[in-house]
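Across the two complexes that follow, chain A remains constant while its partner is chain B and subsequently chain C.
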Partner chain A sequence: MLDDAVYREFEEVVGPDNISREPAILDGYTYQIVFNPTPSPWLNRPAAVALPCSTEEVQGIVKVCNRHHVRFKAHSTGWGVFNAPGYEDMIILDLRRMNRILQIDENNMFALVEPYITCNQLQAEAMKKGLNCHIIGAGPNTSVLASCTSVGGVGWTGISMGYNCRNVLGVEWVLPTGEVVRLGSPGSGDGWFSGDGPGPSLRGIMRGLFGAMGGLGVFTRVAVKLFNWPGPKRIDARGLMFDIKAEVPENIKLYILLFPDMQRFLDATYDLGDAEIGWIHSRNPAGMLFTFLFPGLMRETAGRPAMRSAMESIKHMVSFGIAASSPGELAYQEKVVREVIARNDGVLIDMGKLPQFESFMLFGLMRSTLSAFVFRAGGNFASSLVGEETTDSGAPQVDLGVRIKQEYIDKGALIDDMADTVWGSIYENNLFAHYESLMTFDSRDPRQQEWIKVDEEVVDELIDRKWGIGIGLSGAGTVVHKKFGPHMCNYDKWQRRIKKALDPEGLSDPIGYTEPGD
Partner chain B sequence: MMIEELSGIVGADRVSKEKASLEAYASDNSFTEGCAPSAIVSPVNAEQVVEIINLAAREKAGLVPSSSAPPRFRGDTVPEREDSVVVDLTGMDRIIKINRRNKVALIEPGVTFGRLAREVAKEGLKVLMPLLPREGKSVVGSYLEREPILIPKYHWDVTDPLLCAEVIFGTGDMFRTGSAAGPGDLEDQWASERYQKNPMGPGQSDLIRVVQGARGTVGLVTWASVRLEPLPSASRTFIVAADSFGELLGLVYSMLRRKLGEEFLVLNGTDLAAIVGGDREEIEELKGRLPPWSLIYRVAGFKYFPSDRVSYQVNDIGDLAGAEGLEPCRSLAGVSEEDIGGVLDGTSGEPYWKFGYLGGFADIFLIATLEMVPSFLELMEEEAKKAEYPSGNIGMYVQPIQQGRSCHVEFTLYYDEGDEGERQKVRGLCDSAIRRLMDSGGFFSRPFGPWCELPFDRCPDTAMLLGKIGKMLDPDGILNPGKIPYRVV
Partner chain C sequence: MALREYERDIRGCSRCSICKWVPFAQIKSVDCATVCPSISRYNFHSYSGGGRLILGLSLLEDRVELTEEVADIIYKCVMCGACEVSCKIYRDDIDVLRVIEELRFACVENGMMLPEHMMMVDAMKQEDNVFGEPKSARGDWAKDLGLKDINKEKADVLFHAGCRLSYDEGLRGVVRGAASILSDAGVDLGIAGADEACCGGRAFEVGYRGELEKYAEDFASRVKASGCSKLVTPCSDCYGAFKQLYPMVGKELGVEVLHVVEYVEMLMGQGRIRPTVKVPLKVTYHDPCHLGRRGEPYREWEGEDKLKRPSAFKMSGTRGVYDAPREILSRLPAVELVEMERIREYAWCCGAGGGVMEAYPEFNSWSANERVDEALATGAQAIVTACPWCERSFTDALEERDEDLEVLDLMELLARSLGSEPDA
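Showing the complex of A and B:
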């Protein structure tokens, strides 16, 4: 419970219409099933929620929090358990009123956005100017700012548009103690084109492979890189999801690439990366696509070894896209991809020959609408693995993830998706790769409450074999640090020190980051 | 610091108190004022660096890291405290690993551009070069300084081409950044096909970003992995001439948008003449023949259908240039494709190319968006006029970075090395121009020389936060004191 006098101070900052402590409202912030390792979907109920509309109001709330020692956490589009309040008696800053695209700089290829601008909103506006943005795997309904500053950054267009951690330019940041810092050039009033300097880049404090998940204050603006979009300003589409019908532009090509085995998938991926072609690249195994897109059909495969064997034979499947700016570039990229397939004994399926499927996949991949299908089979999902290093290093990790997961499928703890639902994308022409093993389950089924054990087993074995790291265990926070820290140069010690330097009282929700310490 | 103790760490033969050697560090080619160090210590491994840092912390002595051979230009290695010891890292010069498939090298700080380029070429790879580095320039040093590379499409983020690093912080803690952090040591990681390629992390911070740009004030890097790219199987180099930078702007933006071309830079006639010319007389003659501005780029093909790639890019760029009323040429005013190829691939001959014209020079560099550049050029000409400095002697180099989202702008003020009056005039011009460029929106992201405090005065909130982080990583303030003004909070 918040003291009434303190509540009134918050009210003075945002106005009485923009703050609430109604239990029904507050419970809207406590229900989180995605990556939630606890048996209950209901987590901590905050003491209040405030809806600031400006950086000044965010700063005002944070200063009240500091005066009265109230914990706080920022919330934008709220995807995943990382958004849940770590404690009761804290205040949530719901940033949905900060929902403007402040600038699209067409020549210099970046956009300046507030926290509640979603990926699909930015993409639609950027395309009008011949630009595009990297949409993360969580889907088009997620906050651009959140993936840039506070959470992850993976997605299917990483081959051409990178990883959102690395797509950040200038940043506006309300520190846990209430000061406002603008990182890089905007700090000196010089525009938003750079996020680094003068001198050392504080982007390295703001986030790493993952963001601080609300543990280092509130980010109120970010300048994010945009990339060339050679397609039309608008793609007219009718229908939704499966039924969507759209004209696929002539300079866009979508393919399914099939490989006979992992080695040839890897070799082809290196070739595509070295050739610097491609707009979209994602390993999407057959079991994963069937489970997500046709869960009823997938259930029918149980006890039908011939069907499953046929699907198993096409599991090394890649969704690959080209977006070309000229006929010459299109011809070159098509020629290369066909040659890469030929040299690696693969099969190329041109989605252009399957118009309805191509239309569906265009939006599925371009706008990341495929992500939503992950909930179809059982209503919930989780991830393990995430080896983010070379493409080759993922191969044994895939085998490991599949083996452990199969044990849980066999005992009914996960939905049978043929175990290999490891999707993976390459970044920056194959600088590194991301492999993520998805698990689908029904949270209401008492037998299917064990996904976190899969994560734990995978992580333990990755560490024992010194193979890499896993995400798992809800991605961050003290539990993860205890697991990984001793094997990774005690990075958690530095995070505690950063937390202490920036937030000595630990008011910015430490649950997904760390408590302050030495 | 006690010589005996340093000798105990590295051996007596790797500690120098020889006067000429110490005096060589007391100044450099910048206007930085400082003093000679008390000693020079040359460690050969990370363990020795840890011991040196721990000793310096006990003695409260300053440590000034140096990883390149002279001459030096930015003031980073000029000690500001007489008790400072230079940590000479040039002896740590192992190329620890080159991996062709993953296009990466793991190198120590003493590895130079020339040497690394030769070694990786044997594997069909190329080093991402800055503009004509001197032969003895440290690759790790250059990347830590965020010096721009010539190929903007490979500059995805500001850290590129630097990936992971081993760092010894001012606390004496050894830390490995990015995926190099673990699990396992380097041998374990290589055994599982991990080659220190992911620069992010570990965990929820990217301390490599803090080390980079810090001028050695938070940690000393003992090795780093660096991004390499394939050597082309076919290539062609072009020059597009223009009377003004503004004429090139449309073409530059449209090529960068589509990631067309490989090496890609813009030079004015003075800098291009200084690069391809020989002695002063030849450079003067070339200046008269060369166009005021030149966009230089290379197109290339790789493993698959290299000539097809070159062909479509040449055609597409030709179309874009034609729409702007510009024409790409293979040679220009006697400057051949071979001349330009040497500029794009090589290191500088001796003496360093900027000494060739008048013997002395001073650099001013900043970052901005490309469309801001023309106003900066006007401003520089105005300031040169006020200072009675011949504006025709100003070299200008514009290097797109971050795939074209901004650019490095570098003015080189050439002057007669033997003329102290001229030198002081150039110093005054630097001072007035830097202040005006800052006031006009130029972002001095890499503070240098005697002006290194100025950029921080413009962003007190950033300076405050940097002060906290600097204190965390170097609590005793022993690492290169004074080179970044960590404000006391």
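Showing the complex of A and C:
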């Protein structure tokens, strides 16, 4: 409960229409089923929700929080447990009124956006200027800012557009104390073109590998790197999803690559990375695609030996795309892909020969519209996030995830998707890779509420085997960081110090990040 | 509480917020990316489709009570169904709109109706129309048109004007034009005149399911008695009630139900309507919700587990009427259609539905103005629609603005193209 006088102070900052403590409204910020490890969809009900519309209003709220020792947390689009309140007596800042693209700088190739600009919106506008943005695998409905500043950042186009952790070129940040700072070149008043200055470069402190999950204040603006888009300003389509009909531009090619085994999949991945080609690269095992896209069919057939062996034979499957700036470049990249396929005994399917499928996949891959299909089979999904590692070391992690997952499928705790639903992509021409083993289940079914155990087992084995530190459970806060820390330069201690230095009062919800400490 | 029957749907919501957005492949700009008027206007998550599911769960679990504040959230929704379309792209097991309806039924069951809605339903009870206008004047719009009275003689096609077109004098040209176009094409047309009654759809939308059942029952027997083979209406609201709501409450009319645009398109195909007069006009077309996604025919599915529901039973909005009006427009000489960004299944609502026009005129006007802005951005000289509720919303919105945008029903534009500007 918030004291009436404190509530009025918040109200003065945002106006009475933009704050609420109505329980029915608050429950909208209490419910989360995705990545929620408990059987209940309800987490902590906050004391109030505010809708600030500017940095000044965010700062105003944070200052009231500091005056009265009220915890707070930022919320962009609010998908997944990460934004859920860690405590009951806190205030949520729903940033959906901060919804402007402030600038698209074609020359310096970046966009400056507020928290409630989604990847879909930015992509649509960037393409009009011959540019494109990296969209995280979660989908185009997520905030551009959130995956740059606070959580994750991986997606289908990592091969050409990197990881959003590294695509941040500057932020405006309301610290937990209420001070406003700007990092990167904007910190020296020189514009928003570089994350490492001139000006303060604190990217590691700001988010580290996976993000502070709302535990270090509120980001109100982010400059994000944009990349060359050689396609048209707008791709007009008829239809909504499976029925989409679109003219795929001539300089865009989409393929399915199939490999006979893991080793040759890995070798081909290195070959493609070395050749520095490609726009999209993503491992999508057949079982995964079928489970997500045709759950009814999988339900009926997954148990049949013939179906299993058919799926097994095509499980090392990759979606690969080329977006070329000239006919010559297109011809070159096509030639290289074919050579890589030949060298690694693979099979190449040109989606252009299947126009309907190509239209569907164009948006699926370019705009990351396939993601929400993970909910189709059972209504919920989770992921045993494994490593952000080299491609080779990702491979045993994949096997590990699959093996542990299979045990849970066998006892009916997860939906049978042939177990290998290891989705992953390579980044910056294979500088590193990201693999995660996806799980689908129906959390309304009491037998299917154990996904968290899969994650725990995977994490424990990764640590035991010294196979690299997975990012699984990263949102689980202090407990898990303490587990990983000793195996990775005691980073958890640094995290606690950072938290203490920036948030001495511990007001920015620490639940997904870390408690302060020395 | 029948809301309980949807508990599984509700518990399946992943809070992805996809229901706030235009289907992803159709997002073309930062400004026209959102599709839900309610969340766009009121901002807190509970105002979205998914937020309404969560609100349902809070009620089911007694975490919140059905207070006036909660009823206010429930009713600040135009019931346009756009959330349902976007959600259904991914989900087979969630019927967002059915939950939204159940929340309203719960309001009525628990005495939490809004005064404006109670007045509307009282008016319906007394005068068989949503405005409380005299029942005896219902057929006045057809004066001197020489249409058959189906109470006295048989007709092949029963023309149902609907409440708004019967009484809104500003829209006389629409209804008279539509009826004249059909009779000029040789259609054997009859009307019920003063005996025509409300379809009941607007009562259903504000939570009075029982009222709709009564009207549907009554309507079905009148249609049967008339002996007609087709029921044609120029009102999309009524069309949605006949196609979607009546089957939902177990009432089939037993005749072919057509919106006038569907019928006209058919007649044009047969060469019975030939627009020849050039009307040089750049127009944009607004898809009325109740002709499009909310006009999609309802099919009851008896199964338990919606994950196994065949897609033919899923209300995904794709089987609404979208092509017929565009086909008609393409046949009007010198008329040029320029599309807005949010069209067809993912059109932005005019704001009149769900009892919003009655109870929250400011919200209605806000939503209509959003659409007017979108229409203006196309460079069109006119916004054409096929529903009197939309036309009224846009006309009223434009009255407050100094913009050069004409609001027309498709039948009015067709009448011009036929050289027969209808007299109002």
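Basically, the second predicted complex is superposed on the first by the 508 of 518 C-alpha atoms of A that agree within 3 Å, B and C clash if a C-alpha of one lies under 4 Å from a C-alpha of the other, contacts with A are read in each partner's own complex, and residues count from 1 in each chain.
Note that in this section a residue touches a chain if its C-beta (ideal position, glycine included) is under 8 Å from a C-beta of that chain, and two chains touch if they have at least 3 such contacts.
Note that the structure is a prediction, hence the values are computed from the model and not measured.
Contacts of A:Lys129 after superposition on the shared chain: neither chain B nor chain C is touched. Using the contact criterion defined above for the overlaid structures, shared-chain residue A:Gly162 touches chain B, although it does not reach chain C. Contact with chain C, but none with chain B, is seen for A:Val49 once the two complexes are overlaid on the shared chain. Shared-chain residue A:Arg465: touches chain B; no touch with chain C.
Contacts of A:Arg338 after superposition: neither chain B nor chain C is touched.
If you count the residues of chain A touched by chain B and by chain C, you find the higher number for B.
Of the two partner chains, neither chain B nor chain C is touched by A:His68. In the superposition on chain A, A:Arg308 makes contact with neither chain B nor chain C.
Of the two partner chains placed by superposition, A:Lys453 touches none, neither chain B nor chain C.
In the superposition on chain A, no residue of chain A contacts both chain B and chain C. Put simply, chain C touches chain A in their complex at residues 8, 11-18, 21, 23-30, 33, 43-46, 51, 54-55, 57-58, 63-64, 69-70, 73, 85, 89-93, 307-308, 316, 318, 345-346.
Every residue of chain A that touches chain C in the complex is listed here, in rising order: 18, 20, 22-25, 27-29, 31-34, 41-42, 49, 51, 77-79, 94, 96-97, 101, 117-118, 120-122, 124-125, 139-141, 234, 237, 239-241, 243-244, 246, 295-296, 299, 363, 367, 369, 372-373, 375-381, 442-444. The touching residues of chain B, counted against chain A in their complex, run 101-103, 146, 156-159, 174-176, 179, 181-184, 188-189, 191-195, 197-215, 217-218, 227, 230, 253, 257-259, 302-305, 308-309, 311-312, 315-316, 319, 367-371, 402-406, 438, 441-447, 455-456, 458-459, 461-462, 464-466, 468-472, 484. Across the interface of their complex, chain B is touched by residues 105, 107-110, 130, 162-163, 165-167, 169, 175, 179-185, 187-191, 193-205, 207-213, 215, 225, 228, 230, 270-271, 274-276, 325-326, 328-329, 331-332, 335-336, 339-340, 388-390, 392-393, 395-396, 428, 431-432, 462-463, 465-469, 476, 481, 484-485, 487-489, 491-492, 494-495, 497-498, 501-502, 513-514 of chain A.
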